[in-house]
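In the two assemblies presented below, subunit A is common to both, partnered first by subunit B and then by subunit C.
Here is the complex of A and B:
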């Protein structure tokens, strides 16, 4: 099973990949250009708008192959290399075509301690693919990612750059996969902190679809 | 004047110096990797940490607070600071690792972290011996590592472009290379990709690192992550001598070091000179060294019975003298933008002695080649030197015509290749040729062929396009060398020549050639004329005092940095 800790190999990206999109497809519409120009205007230099623009491009094209990065660079008038550097820095920018759902499993410190790798291995086994790969039916991609800032409810994963799923257990993962297969995205679940329950009569957030109580984190298999 | 106390010693400063640069300028060693004086300061390697304190001022009065014995109260920054990015202010107190255990410990720990994923393959690394990471790890690093796990494996021997090879495992992500392409060469071809332990510099997909200045990142890289495709695995650093000299492949005269082992030049690296090339060299200048090693002549030759045959130096010079004497006024001399000022000056003197004509020098111009920076349209080192001696570019067509009409009996060529320059009608004249390489196309027509020492083997002066006179000294030895040359070799070669019993060199790498400043007086002497100079230094003394365009350009004044000549 892919596990960067056990097999820490960084592969060289394909340095001359064939393009996925044709010249005709590689354009921003007039309306998109207006949005980009508005972002550019917000920063002292145009490279400030690179993240917004990459995000827009990813929503438009589904992922960010080199030709799309070049398009973004040309639109902003900044070096292609710089756009590539930013795009590769963030796991949230997809450099290859991904599955319908991208499961970003956090294996950073807190999650690792509480079973991030257990979650990852469970998913890998269940879906039959390794981290970084997509299931043959194109439904799921598993990614191993760094801290997503939800350490308090570790272990956790994020679905397709969207909702977080916390305090993962095998049963929770099974349910999540079934829901996703049925086309149901998990809602926004808020984790209630103990002091909120006591003092504020429950959840601070009013916009959450659901809330769960804070519970003591599990301990990872491998640490036990 | 504002002052700062560093490790207990007071230094005065002016303006707003950065602390690290200030320390380096004052001979205080502070280990560092990412800082480079000509680029932006990202402070990302964290190696240059120091402890900095500033005097405390009373909020109410703005006066300095003082201790009971009148000393200003110093309040230290809560954490160690990166000296590269710290701008000095009056009264600050700095502790480097020399006076602070805290700093020493921080630097040690930083090196331990840096080495966690470093392959430690110094025994096969080209950088070993001049590697800031290796040197500083020895000096400031920990005894060993506490890291017991598998190291991260990253791509190795990735050819980023035609001249640069990346070993990503050795990279410490200082971003010097990417800053070079962003800020100095502005090709924007490199970026750091990915993040955390996985990051390293790369070109984006579909882009080749073909920046004409790409090889500068090899020198900038403080580890062996970026190596030269050309020099890779050719020699260990300590096996070579490095001689400060200048580039002769362009008219810019960029300052460089020639790295020599066994009398072969193996690589060329830049030598900083803010007046000429700063810290940089174009790739083409670095790769033009082969002409010093390859296709070199075997010794002097003269034409006997229609074929060139080996001869002694005396016989060859005597034959040249014979031809010149017979030709008298009917001889024509070609000066050379490839030869030194001294050699051209002596050629002009020889022409005066024989009464012959000097037809100027052969221009080496490649229009559009220059880039307004270190690459020039003129592809020869001394066009400006020739012009300042009063020589103009030779009119090849006119010369062809004159020779065809039989106006001359002898063509005397100084270190150049008239046939390659289009001088085709040489059947009617006797050719005396000083030449560097056997690829010289005039060689097959030469009646006297005199192998001349190249810029890497001689002493002399070149004047660059901006009118700066600079000196070359011998980087490699030639056979039967002149005493003057040997004296300079002795000074310029770090490794000297082993003892006669313990020689590591191959005799065949010693080229049987002579500097033109030795050959021209020999020819003059064989004609009964005297051309008495002990060496190029005295020739240049004369040039600088008699030719106003060379005012002040003595060897002594030129030193290693060169002198700017008067405007003409």
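Here is the complex of A and C:
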């Protein structure tokens, strides 16, 4: 065997790691199976439901180790290699264990120039870990991510693939971390359109938990 | 030069009209445009109306929507046909579709149904990026209500026309915004773009005829049916008519999504956003998302937000997500982040893109850290030549354009960060 095959330049992942979940844990409940069957029915072949099923599995198990991918493959009746391929292609599927809360800080250019990296570095300093790492108590993982599509309310972050938190300042980050430590996830925040500010005197939505108005300067300046 | 947008100060919004809680079906009303389309027009007539309105795709490429629909093959009852609505909005600087989903989801649904009718498709996959989890939940709730009210589903409003809308949640991949890649993703595969031809209209998802439109494009369809093609064609710039959602971000006092007619002067948009923050001077504008060439402040006089004007100025309309940058901005750092984005988001299928974007990031990083040489700039430009047009999809081109144009238009900034020449350029004769 050629040398480079025996000693690859890049360390390959362990192909058969010790499982994280026991046989008893690795099942979908009847209720979950109904949801999966509904997704499968929406596509001409079961393959289409793989992304939804992976989302369900990630919600249930927290992350997607090989044994969970095998479970998804068996449930949908498609090859494990295909499920593995899909899970490793998309960034939002966690292939390794993350913290209880994953803080995805957007640093793409709109956020970059309004203080996205300041937010990231503030979090790194405050939590004592680098981007991509989890705090020793397993509470937070910080990640640097590409554009999250909230460029007008930069800098911003997303908590655990869920709610967005806009217009960050050090005080707002501190409050967010305290709330998360106490187990309170932020709610849905609606951002007022500037034209609504002029024509309707504020946010058009009356049902959002909170709303951020554009009438003031973007708060991002303060993170500098 | 007069603005092509006409009297934009008195413009009445149609995509995001000023109505409280418009996202609720009870406030939204009765899908009147869909009712009108089903009762008064044949599918072919709907296509003709959209063609006559001059509606162009809002996803970046600006392809005429009616023309795209007419590429669908004749109806064969044995072959299913599909519509895909592209809500995988990941272009940096673009966040207009999310506002539509948040404030006016039923207009997207109505646009989807009218388009389904026009191309005789029975189902539409609405692909939304996974990061928009909250908005997917909202769309699911509202879609359920629309189903319950029989605006979607079997025999819509007793017309005999049936159509389903199926939500699909992405999981974080910029490339899924590319139409063939989106189809691969829907089929439950790694989202590698396909070689065209065959085009989606011939062989799309699962090999069936498919049309793919942006969510914003489809939201423009109900007003066209309700008010007529002439009304739509008269809004804004004649070559790219209709309302446009301008997503303004960066160093401005009031960033946000603004709805105005197309063809707005860039300077007017800056004024609408209350000017530059802290009264700084403008340095550069990115007029349509990360992949379009950046414009220097002295290049935007009289430039309007439509395809022709921006092409003449040396840029593109893209997604109309404008990024304004002030005089303190470091353009090398800007380009470093843009190349990082493309390196991260390259799907890895074609070598020129997979390796090229990586080398671009390495070279720009080296320059940004003060370790680069001026010859690296020429190497970067050469790299752009090697990448453009040599890959399956346009991501390599989209990565090359900002590199080429940022270096061309801000060369002094880059040279200032490069290492000084290692031998003296001035040699005096002894």
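To be clear about the criterion, the second predicted complex is superposed on the first by the 195 of 224 C-alpha atoms of A that agree within 3 Å, B and C clash if a C-alpha of one lies under 4 Å from a C-alpha of the other, contacts with A are read in each partner's own complex, and residues count from 1 in each chain.
The rule is short, and it goes like this: contacts are C-beta pairs under 8 Å (C-beta built on N, C-alpha and C of every residue); 3 or more make two chains touch, one makes a residue touch a chain.
From a predicted model like this one, the values you see are computed outputs, not experimental measurements.
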For this session: Check the residue A:182 against both partner chains and state whether it touches subunit B (first), subunit C (second), both, or neither.
Result: neither
Exercise. According to the contact criterion defined above, which of subunit B and subunit C contacts more residues of subunit A?
Worked result: C
Exercise. So, does A:114 touch the first partner subunit B, the second partner subunit C, both, or neither?
Worked result: second
For this session: Figure out whether A:66 sits in contact with subunit B (first) or subunit C (second), or with both, or with neither.
Result: first
Exercise. Is A:80 touching the first partner subunit B, the second partner subunit C, both, or neither of them?
Worked result: first
Exercise. Touch check for A:89: first (subunit B), second (subunit C), both, or neither?
Worked result: both
For this session: Kindly classify A:190 by the partners it touches after superposition: subunit B alone (first), subunit C alone (second), both, or neither?
Result: second
For this session: Would you sort A:158 into first (subunit B), second (subunit C), both or neither based on which partner it touches?
Result: second
For this session: Could you look at A:14 and tell me whether it touches subunit B, subunit C, both or neither (first, second, both, neither)?
Result: first
For this session: Find the residues of subunit A that appear in the contact set with subunit B and again in the contact set with subunit C.
Result: 82, 85, 89, 146
Exercise. Tell me, which parts of subunit C touch subunit A in their complex?
Worked result: 13, 16, 18-23, 80, 89-95, 97-99, 102-103, 129-134, 166, 168-174, 185-191, 206, 247-251, 253-259, 272-273, 277-278, 286, 290, 321, 323, 325, 329, 333-334, 337-338, 341, 344-345, 347
Problem set entry | Touching residues on subunit A, where the partner in the complex is subunit C | 42-52, 54-55, 78, 82, 85-86, 89-93, 107-110, 112-114, 145-154, 158, 161-164, 188, 190-196, 199-200, 204-207, 214, 217-218, 221
Exercise. What residues on subunit A touch subunit B, complex-wise?
Worked result: 5-17, 66, 69, 79-85, 88-89, 146
Problem set entry | Residue numbers on subunit B that touch subunit A, as the complex places them | 149-155, 158, 168, 178, 181-182, 188-198, 200, 202-207
